[in-house]
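Both of the next two complexes hold chain A, though its partner changes from chain B to chain C.
After this line comes the complex of A and B, so read on.
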């Protein structure tokens, strides 16, 4: 087969010489490769090295463990009853985290657990040097996961002209004026005067739902209870409030 | 008794050179190729810039299991690495480093070197045939075709030099060399270099071991020490061909202080040629099988014949 002559290359010989010149030039220059253990690698921002746990933020809500695609997060917790802080007050319960472990031999570093954590208990750390000789040692318990926490970098700066983060906006909002005793709050009063009475039918369903026997499927779970609250007149606020606190308990019973 | 001692001493020194020089070339290839590609090459074995990398490789090869395929022709299969290796050892014995530093001063050493290096192909052919593997056989056939094609320009180029020097002895050729040969024998030198790289099956002429096409050619089934012997044969071949080029075309030991440092000049010139052979490997892609034959028969053989004619005419005219 005859070599096709492309007008650009200008024949085989200049190309061959060019190849020799390129390699010779690279040989003369200092090499640009550095070897890893001697020179630390330059990691890009938001590198996914290891998952760090901030134990104080964890409420044992199990969202991370449930969302994990390969189920490599193990959580054990128990409930603790806190005595009432005021006489006649209600006792509170809170979750205590007994075990939080991530098996990095299974983890695929998708970061879904970090995304779903509602309380920012999980963070990406760029540290990656935690290889082990035994695969079982890749199961990091919560104290080991907590040790990664100091290596978590601060969040990157926001883009220019981006919206204020929700937390900052909430903190910057002016404090509410103190409410005068006995008088209805101004916002509530204004809302009560709104001509939104035609929306009553939606409200009329509520007693019916309360009377429904347990175990029947509900068409729309707690979603309707939240928007239903604002139109409540201030006089019935205490009654409806008690109804609201009661209603979740049977539903959670249904879930179990 | 002294004769026996002398022969033993010469043999041992040739063996030592045969074991050391290929490792030097191999290490040079590691480092030169790495730096040509912007890498560092071996850095850890032995402590200083990985100088002991090839020693460590040798230790590793010794430890590996020596496998002979069930369908292989056992005796031929196991004998092939020796056939590939020994010719270069023999050829190294007759290459002079300086007028008196030569293991065996044969009267027709140029012819002897060409004859022995041509035997090495038998080892590859035996390996490919005995492996009972289609890729091995393809590789062996390719190297047979390649070595047949390139033996001719190689011999013609050497014949031209022998004609110019009026001697078949490598020592005599180097003695007769003058700087004028650098121009006069330049086409022959180029033909010799290209044909030598092809004889060694080095890139860009490494079709017999083209890993993208036929795995590793005739050496596909080899493991452990036998495989290492084939690699050693390749690097010993580079040493032999580089020293041969230095003696034939670059005047061997001729240079400043050639009385004391002649051997060093020969080794240095040979090392430069070895680096050039490595350089070609890094810079150029592999030729296709038909391009290889095309180059040999359409370009190199006519060029070598023209060089032979030029040399003959000049020798006759100037005599």
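After this line comes the complex of A and C, so read on.
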């Protein structure tokens, strides 16, 4: 310690002063921080704060509960049989959501449940002030999850270089005019079916066929929304066939 | 006390040379502020001098590798970004790159550049954390405030794109989760410019500071042989002159172009191998990463319209086989050895994390040093305990 003392003690002072000079330079600048509880933070719309549930959209298909990496979503539901609305019609079954709960003490905030939800029943909200004194209170039941719904912001606009949304791309597809020009009046079903698959072309015969692969491919409640089609006349059947991916509205509408 | 010589002598009391001393076992941690995390060091000291040291790890073992085996490839991303919580984006990247390679999947160009941009921003975030916390361990309180101000700037743009501040969850097999928000690139450009503009303030507190140099110069020298023997990687290895950077040597993402002849990428190395050079490498890497981020922004502006992900099948199954994917994480080489048996979960996913090897070398570096220097050496290894224990 004795021999190197001189360079070291002489060296510490300029170091201190230089540091203080930097501090002094930034002293007059406005603060970068805000007084949090008084000044709420500005959070972007994608911010993953809390998960909100839009109960009407939920068909209790259980996809979210199954895909959750730590299985923190609890869903109870039962099937209800609805009497036929028209004489001679068919009885229909629908799922009724009894319980939907997310345990935020387990949740890892990954957003997979929101991503997999086929009916947009789950949404991110940037709200974050829901800490509790008791860990058990972090289990939010469906009414609590529903209360977050008004805080869900609209999604941000996308970058100008982003690919156009699938819906827009499908609408702009030149396939349909080509088909109309190719063979307008006769044999519409037979010809259109082969070249363009995703276009729901064959209106007269499609609904009956389309619903079966849909129903078997995914075990979700669209299955019970699709049976709504047969009783309706073919003209509306084509319409509901196009809207079969977002079926909860037609379901609830016809059930009541 | 000489700062240049490797051996530092401290003589206390009179006739201390003749005193009989007994070795003492001292446990540092697992709950010790200097170990930032739950790393435990069992050191044997002879007076002030460390005779032997042994890092004892595992206090934060979460069995990540086993958890990977029962999760599909989207759920793995959630876990993979958590072992090293300071470089979450790079961790996710390794998993999805491995899966994409095994699937032979082509990732859209915009996704490649956006991933590169986010990975470099993540690297800056990680390095800023250590540039703030390392001086803190050496007794300088101020730098951490400067570092965190810059971190906040970058975290804001990361959050705007991904929704998360630490666990971004923005990578998916085949690209990114969703497209970038409108105007985001401009805000990133602004943030990068702001960080670069204010970095000199942080540097002025660290670089050339006599106190910091006295604590770090010549302390904890790592030789290239030790680095080879222990598999140390990343900025720590480069500080000892080991010129290894996967971004240049085994390019993934867009790094092949960025580290090409006309690209802004360069590998930062030092030769001294002491704590100071490790810090210097970190600091200079921040500059390089900001340059890389600028280049990515430039490219993202000029790329044609296009998607950032590919449509995946409902059930994603990786074909049978195995593949080791290594990426240059902020802390060093991060590798995933993925063995698939054609199912929707990996049969085995071995995780090679940088911090584990970087900390293992402590047993070789610490002996012969003083206890006060132990903090300096420990801090300069830039590890994350979650990355050690997995």
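In this text, the second predicted complex is superposed on the first by the 137 of 256 C-alpha atoms of A that agree within 3 Å, B and C clash if a C-alpha of one lies under 4 Å from a C-alpha of the other, contacts with A are read in each partner's own complex, and residues count from 1 in each chain.
Please note the rule applied: a contact is a pair of C-beta atoms (placed from the backbone, for glycine too) under 8 Å apart; a residue touches a chain by one contact, two chains touch by 3 or more.
What you see is a predicted model, and the numbers here were worked out from it, not measured in a lab.
After overlaying the two complexes on the shared chain, residue contacts for A:27 are found with chain B alone; chain C is out of touch.
Contacts of A:35 after superposition on the shared chain: chain B is touched, whereas chain C is not.
Shared-chain residue A:134: touches no atom of chain B or chain C.
When the two complexes are superposed, the chain touching more residues of chain A, out of chain B and chain C, is C.
Using the contact criterion defined above for the overlaid structures, shared-chain residue A:19 touches chain B and also reaches chain C.
Using the contact criterion defined above for the overlaid structures, shared-chain residue A:69 touches chain C, although it does not reach chain B. Across the superposed pair, chain B and chain C both touch chain A at residues 1, 16, 19, 22-23, 26, 32. Across the complex, chain C is touched by residues 1, 3-5, 8, 11-16, 18-19, 21-23, 25-26, 32, 43-44, 46-48, 67, 69, 108-112, 115, 124, 156-164, 217-218 of chain A.
Across the interface of their complex, chain A is touched by residues 32, 34-40, 43, 279-280, 282-284, 290-291 of chain B.
Those residues of chain C whose C-beta lies close enough to touch chain A in the complex are 1-3, 10-11, 71, 74-75, 77-79, 82, 110, 140, 142, 149, 152, 156, 159-164, 167, 169, 177-185, 201, 204-205, 208-214, 300-301, 303-308, 314.
Touching chain B in their complex are the following residues of chain A: 1, 16, 19-20, 22-24, 26-27, 29, 31-33, 35.
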